[in-house]
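Think of it as A, B, C and D in the order they're written, each chain with its own count starting at 1.
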Amino acid sequence: MGFNKVVKDANEACQGIQSGMTLMLGGFGLCGIPENCITELVNMKVNNLTCISNNAGVDDFGLGLLLQGKQVKKMISSYVGENAEFERQMLSGELDVELIPQGTLAQRCMAAGYGMPAIFTPAGVGTEVAEGKEMRVFNGKKYLMEYAFDADFAIVKAWKGDTMGNLIFRSTARNFNPVMAMAGKITIAEVEELVPAGELDPDHIHTPGIYVHRIFQGKQYEKRIEQRTTQKRA
Amino acid sequence: MLDKNGIAKRIALEVKDGMYVNLGIGIPTLVANYVPNNIEVVLQSENGLLGTGPFPFEGEEDADLINAGKQTVTTLPGSSFFDSAMSFGMIRAQKVDLTILGAMEVSELGDIANWKVPGKMVKGMGGAMDLVASAKNIIVAMQHCDKAGHSKLLPQCTLPLTGIHCIKKVVTDLGVFDIKDGAFHLIERAHDVSIEEIQAKTAGKLIIPDVVGVIH
Amino acid sequence: MLDKNGIAKRIALEVKDGMYVNLGIGIPTLVANYVPNNIEVVLQSENGLLGTGPFPFEGEEDADLINAGKQTVTTLPGSSFFDSAMSFGMIRAQKVDLTILGAMEVSELGDIANWKVPGKMVKGMGGAMDLVASAKNIIVAMQHCDKAGHSKLLPQCTLPLTGIHCIKKVVTDLGVFDIKDGAFHLIERAHDVSIEEIQAKTAGKLIIPDVVGVIH
Amino acid sequence: MGFNKVVKDANEACQGIQSGMTLMLGGFGLCGIPENCITELVNMKVNNLTCISNNAGVDDFGLGLLLQGKQVKKMISSYVGENAEFERQMLSGELDVELIPQGTLAQRCMAAGYGMPAIFTPAGVGTEVAEGKEMRVFNGKKYLMEYAFDADFAIVKAWKGDTMGNLIFRSTARNFNPVMAMAGKITIAEVEELVPAGELDPDHIHTPGIYVHRIFQGKQYEKRIEQRTTQKRA
């Protein structure tokens, strides 16, 4: 056994995820999302999930797939605007939505991974986000106290990983993945390329394997682009 | 009156050599097109990139490389990637010199509303609340009036707030305004807009100084 | 009586396959020598290394690669480097499974003192206060009595504290003790040490269960 | 000008450092310390310094050199035990010493770099470190509230850096350097190898250049080893 954290596939990786649990899912928009695990969650038909994720995917990709299956009870996100089914469920009251400033969302994940029970953030002071929250002044500036997240599982997507769970992310597909990887009680990582321990340069590792409990190489990655913007060659 | 590009062009004058700048979606994105060639700025995308470059050539899009508007982009030499916590960390620690973003309403106290309209679908605040709460220098780019002709420069915001006491400068299709001491101060006007028109279209307290610049 | 290596050898039995372990300076460092070959552990050095390996061969020392005791070390396959904040982050978030460290005094309430002796030069607590405040499983390796023969297992610590209510197991030259319910519980004794001697040398409340193991 | 943060040498890098200032200095023991800047501080003869650094060097190397010159008014460290002159000055009352748990030291640096005014730490609860500090209970566990550091200059040492101030650290010479680099009002980085912007892989950069104000390639590095431990070849 030792430190071999490799599981066969998304199915084995998602063992133990049950209806009613709180999941963290990495990604920004459709960039860096754990595609294989999301598909598996759809297949598992778990429901009543609370999902902490910066965005909610689009109608037919990403977390939108879980919304289609009405598997989500509550979304905790900073921006959810690309998804008609999301809008329908939210307006009908089927879906509970908690909107959180993006930086606060990131730092509440980081807090969990760093063993900090709460953090102070200036975001949202004076707005409806501050309602019911403790406010505190430091050096004349107001801050809200926000709590570390408490997630049953964190599910992240990395570029490369090794058998001991060390992860390297690529470009802006990094985004929320490292902070969520640190924050799960159980952390699942799916990677594009899985290599033996010792092949990754220890100076290049973004997430040390101590934070990762299960790792597998995803079958395929669509990596859909949400806004394909280009320039013509001169 | 300034069109969107005119607003962006005027804001570009506020961008100084060596600044790290965060550009919001919409008009702010256009500002990058008007930064003079003889100055260098580094664009921060809050999803985790310093050194955002132009859109990629057709066929060279990289799904892993996007900006905060989820558009495919490129990187410039000297760029770096980091996670979302560090990204907002550098925003909170005021390492980002200038933030330019859009708004639905701005008040004479420097409050801003730009994320939610009651009764309409709420998309979320994204990083806007973090940016306005932390940035040391924020410029708002917006239309002076809404489609019904009502002023968006108000005594106080009517929409849910994004942040309070944080906006120091607003550039609209009509002119440039500093916000201080509880009032909008008209700094410059579009060449084809009269001070009277600006006065009429500004619901918040407006101070007209002796000298007002003209944007041609 | 167990010598230092005997204490280390006994503690090694507490180390399980797949554990991430932080070893303090002194006897705890010796524990690594007695971990059986058929189990794998990863050693965390709180200066920023997971996967600490043995000392380098002569001539292969790398000044950039040291452990928390400032000794030159090597890395094992699958190791990673990180900064000090992340290092203590993983300690605080209880990702490190087991911490083994030395002590000057331990109390029947699980308090520990190991960093400061009034009147003597204070070197500092280093990472000890962080480790004892956060680790889910802490084993103390220590001599049962000080040089003057006074018990170091006390009703309450007399030296400045490093942490409170945190130590659950102590291994000394005389035996193995669990700390719970405000008392030391004798689990095992060294084969050549009588229960009476342990009783006599333990100032804190000592519970002797019906069955006490013997360490040969 | 733009983003060229290169200065000629340690002398130019340390311009503006004045007696009475608070400095953060990276390194753990003698590993990853800014050797060139320390030598320059000795030459500058600035004094009454408050130094935030995990350790205080040894008698004739590292921060010990500043102690020899009686340039330090106060040390804020977690462990200072390798230095006889330090001991002499501390016992004589010439030197003020504030000892802080190592993880708290690191996270107070990080807090400054992340714009967090204060953090909660369990380290030191129930000990003399807790005296006079606010304590708070989260989920039944006690934490101390500790404040972000406020340093005039942070001085760090990296392995490689580029002209825009991006930094990559090597092995355990990383230690406190990245968190201090984020925390200085002005951050000075000395590097073993300075390369043009664009040569470092953006995925490998540990400290983005936005945090670094001045950078230079050090003249030489002694990189003294504090505890040379080896094994004989079989």
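Rule of thumb we're sticking to: a contact is a pair of C-beta atoms (placed from the backbone, for glycine too) under 8 Å apart; a residue touches a chain by one contact, two chains touch by 3 or more.
Here the structure is a predicted model, which means the values were calculated and not measured.
Most remote chain with respect to chain C, judged by CA-atom centres, is B. Taking the mean of the C-alpha atoms as each chain's centre, chain B and chain D sit 36 Å apart.
In terms of their C-alpha centroids, the spacing between chain B and chain C amounts to 56 Å. Rounded to whole angstrom, the centroid-to-centroid distance between chain A and chain B, based on C-alpha atoms, equals 28 Å. Residue positions of chain A touching 2 or more other chains: 107, 114-116, 121-122, 169-171, 174, 202-203.
Listed for chain B are residues 75, 81-82, 85, 88-89, 91-92, 134, each touching two or more other chains. Which chains touch which is summed up as A-B, A-C, A-D, B-D, C-D.
Per the touch definition, chain A reaches chain C in the complex via residues 1-3, 112-116, 162-164, 166, 182, 196-198, 202-203, 205, 208-211.
Contacts from chain A toward chain D in the complex involve residues 107, 114-122, 138-139, 141, 143, 147, 168-171, 174, 202-204. Looking at the complex, you find that chain D touches chain C at residues 28-32, 54, 77-81, 87, 90-91, 97, 99, 101-107, 109-110, 121-129, 159, 169-179, 206, 223-233.
The part of chain C that touches chain D in the complex is made up of residues 45-49, 54-67, 69-73, 75, 81-85, 87-89, 91-92, 111, 121-130, 133-134, 160-165. Against chain A, the residues of chain C that register as touching in their complex are 17-18, 20, 39-40, 42, 44, 50-51, 75, 77-82, 85-86, 88-96, 134.
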